[in-house]
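To keep things clear, I will list the structure first and then write my remarks on it.
Residue numbering begins at 1 within each chain, and the chains themselves are lettered A, B and C in the order written.
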Amino acid sequence: MDRPTAPPAVIELEGVSKSFDDTRVLDDISLAIPAGQTTAIIGASGTGKSVLIKHVIGLLRPDVGCVRVFGQDVATASKAQLYALRRRMGMLFQDGALFDSLTVGQNVGFPLEHHRKDLDEAQRGHLVEEKLEWVGLPGIADRSIASLSGGQRKRVGLARAIIMEPEIILFDEPNSGLDPLTSDAIDELIIDMKRRLGITFVVISHDIVGTVKVADHIGMLYEGRLVEFGPTHQILRSSNPVVMNFLRRNLDTSWLAALNAAGTEGVP
Amino acid sequence: MTATLELLGRIGLFGARVVWATVTLQVPLQTFLDQLRTVILRCMLPVIAVVFPFGMVMSLQGLEIFALYGSQRLLSPFVAAAIIRELSPVMASTLVAAQGGASFAAELGAMRIKEELDATDVMGVDSLAFHAAPRVLALTVACPVLNLMGCISGIVGGYFTAVIMEGEAHGVFMSEMWGLTGPADVWGTVIKTTVFGAIIGLISCYLGFNTRGGAAGVGRAVNDTVVYSILVFIAANYLLTSAFFGGAMP
Amino acid sequence: MSFVAGIGRFCIFLAAFFRATIRRPPHPGMVLAEAYRIGVKSLPVLVIIAAFVGTNLALQGYNAFAPLGGQRLVGMFVSTAGIREMAPVIAAAMIAAKAGTEMASHIAVMRIREQIDALEVMAVDPMWYLILPRLLGIVLVLPALTIIAIFTTLCSAYLVTVWQLGLNGAVFLEFARQGIQGVDFIYCMTKGLVFGIIIALVSCFFGFEAGRGPEGVGRATNGAVVTVSVAVVFLNYFLSELFYG
């Protein structure tokens, strides 16, 4: 088993710090997220994972340091440049962040309506239906958002995030608020999308089991600092006490031992 | 139509229960005083800020007209009358509905959906008497108090424009001020706003107390409170004004 | 001095809004949809309130002038006070109460459910998508609503004067006509326009800046109503000073 040379970094954070009201949420974070692979950022709730991901998409600006996506500094980008960057990215929000006043189909097709004026309604409808099938929800384009369950909302949110064929997708706690069965189903969906799209995924999660199934690389945040970052198998064997503590609390130890013994690189 | 009558009936019953709770002294005094203080503090500045410019505008328009006939000394009684009889009660009550009524509806609605009201009943304490009734009473008492603040604010506004900005005589303004209005009008405005306060209190607390349907229900209760309170007290305003100032029905 | 901070944030908001919308024409369909919704939502309440304002203008006018023997002047009082001051302010107040609070709470809910972030992430400017159609919608619909308010106020005042007070309707109308000039209608519309713009921008501002959770929505809606009310009455004074002073 050998590790290939790390692919080029598509997202880079250098010395990023961010504070809110005297609380330092991110403390000198430096991170290079490789292209075409799935990277997970884990940590206990409230440790700044969502804040980190919002820096990547430009919803927040760092107090110190810089964030680069596709080589472009996000914080100093003009609005036009930022919007151009965002058209190459997709994001799945915690609760889907779908628009209640529109149908499922109108939600999924929303980016197309605004950015692909070259498509007519029929073409848009076709693409919407295709993406809905990919996420396992064919034929619901005319339903209202209110009629969807939590798991269905996440799937629709994901369909909307992929419809513009982005190069990067960000997932903000994809398993939050779901029962174990549905949570597993979402993990399977993410793995399926990985295979289908082969693009860069960045997943924020506190669900370590799902993360281990899905991620090629894992970074762990603790009290605002990045305590470790590396390929999944390396993190699982980490001797860092903070990491070990977190893993031990969240993973069944026999499974952990089995994974270590098999020397897997993330996706079993 | 029947739905509205049904609603009115239920609010009436609610009101009867509040009155009974008050008369039988089941309403906690401390809660009532706390809520009264809260409403007055919350609404004080908006009421003063809203009625003041009305006084200014009354002076502005009034002077223009009275100047035509050389009867500027009629300005201050005109302003005082307009403010005390109509503008202050209506504006103050509108703000009490929007600020006080809306927030009580939200508070009681939140208590309902978090089952705090049920918990109170289960402990053998009447949740209506304990939580809702003090708020109804607080609004009933706060409204006339705030109205009086509004009246003062409006008259000061009228004075400001007339004397300070347009240079009318201070002495004339002050001495003529009570020419049109007397104690009857002051009583009238106090009674009006007490009635309006009771209306706002009953509607807002009824809607909050009987919220259904989660957080969305609370939102609906708040929205409905403001609109219905205003509609009802505006209608009541017409009836009360007719009663006080009468018509010349032959 | 959070009031001053608030004004500062509002100015930043306005600047951002202008930058976002200045050369981006809106979606006509969305503007019309908003105009229709605002109009339909505000109309019933507006008519009822305007009617009652008319009744009270008539009653109070009579009460003030009758002792001086001037009951014929009621018509003039109603039309002058009604059109110059009451109609634009009432139309504004009702639109603020219904449509304004709905704007503030709708946008606030979107804010707390990350839907505004989602718009940003999808590279659609939330100010252009959410606020511009609402602003233009109000501007379209307000003149009509103001005219309806004027008409309703005059009608109900007439009815009260004739049926309840027993005065001569023709005299009322004659003096009513004398009380106004064409330019008063223009001033009235202008006031309505300015108020409408304030209602849209301030309500949307509060929604946009809403804090977390359902309490954030409540505070946003509340703040919007109170701020709009105070802003409208002060602006009313300044505009009256400008037009009639």
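Couple of notes before you dig in:
We take it that a residue touches a chain if its C-beta (ideal position, glycine included) is under 8 Å from a C-beta of that chain, and two chains touch if they have at least 3 such contacts.
Treat the numbers as computed from the prediction; the structure is a model and nothing was measured.
Once CA atoms are averaged chain by chain and compared with the all-protein CA average, the nearest chain turns out to be C. Among the remaining chains, B is positioned farthest from subunit A, on the basis of C-alpha centroids. For the pair subunit A and subunit C, the distance between mean C-alpha positions equals 45 Å. Between subunit A and subunit B the centroid-to-centroid distance comes to 52 Å (mean Cα coordinates, whole Å). With centres defined as mean CA coordinates, subunit C is found 21 Å away from subunit B. Those residues of subunit B whose C-beta lies close enough to touch subunit C in the complex are 46, 49-50, 53-54, 56-57, 60-61, 64-65, 78, 81-82, 85-86, 91, 94-95, 98-99, 102-103, 106, 110, 180, 215, 218-219, 222-223, 226-227, 230-231, 234-235, 237-238, 241-242, 245, 247-250. Remark: subunit C residues 110, 113-115, 117-118, 120-125 touch subunit A in the complex. Chain contact summary for the complex, subunit A toward subunit C: residues 54, 57-59, 83-84, 86-87, 89-91, 93-95, 97-99, 110-111, 114-115, 160. Only residues 45, 48-49, 52-53, 55-56, 59-60, 62-64, 66, 80-81, 84-85, 93, 97-98, 101-102, 105, 160, 164-167, 214, 217-218, 221-222, 225-226, 229-230, 233-234, 236-237, 240-241, 244-245 of subunit C touch subunit B when the two sit together in their complex.
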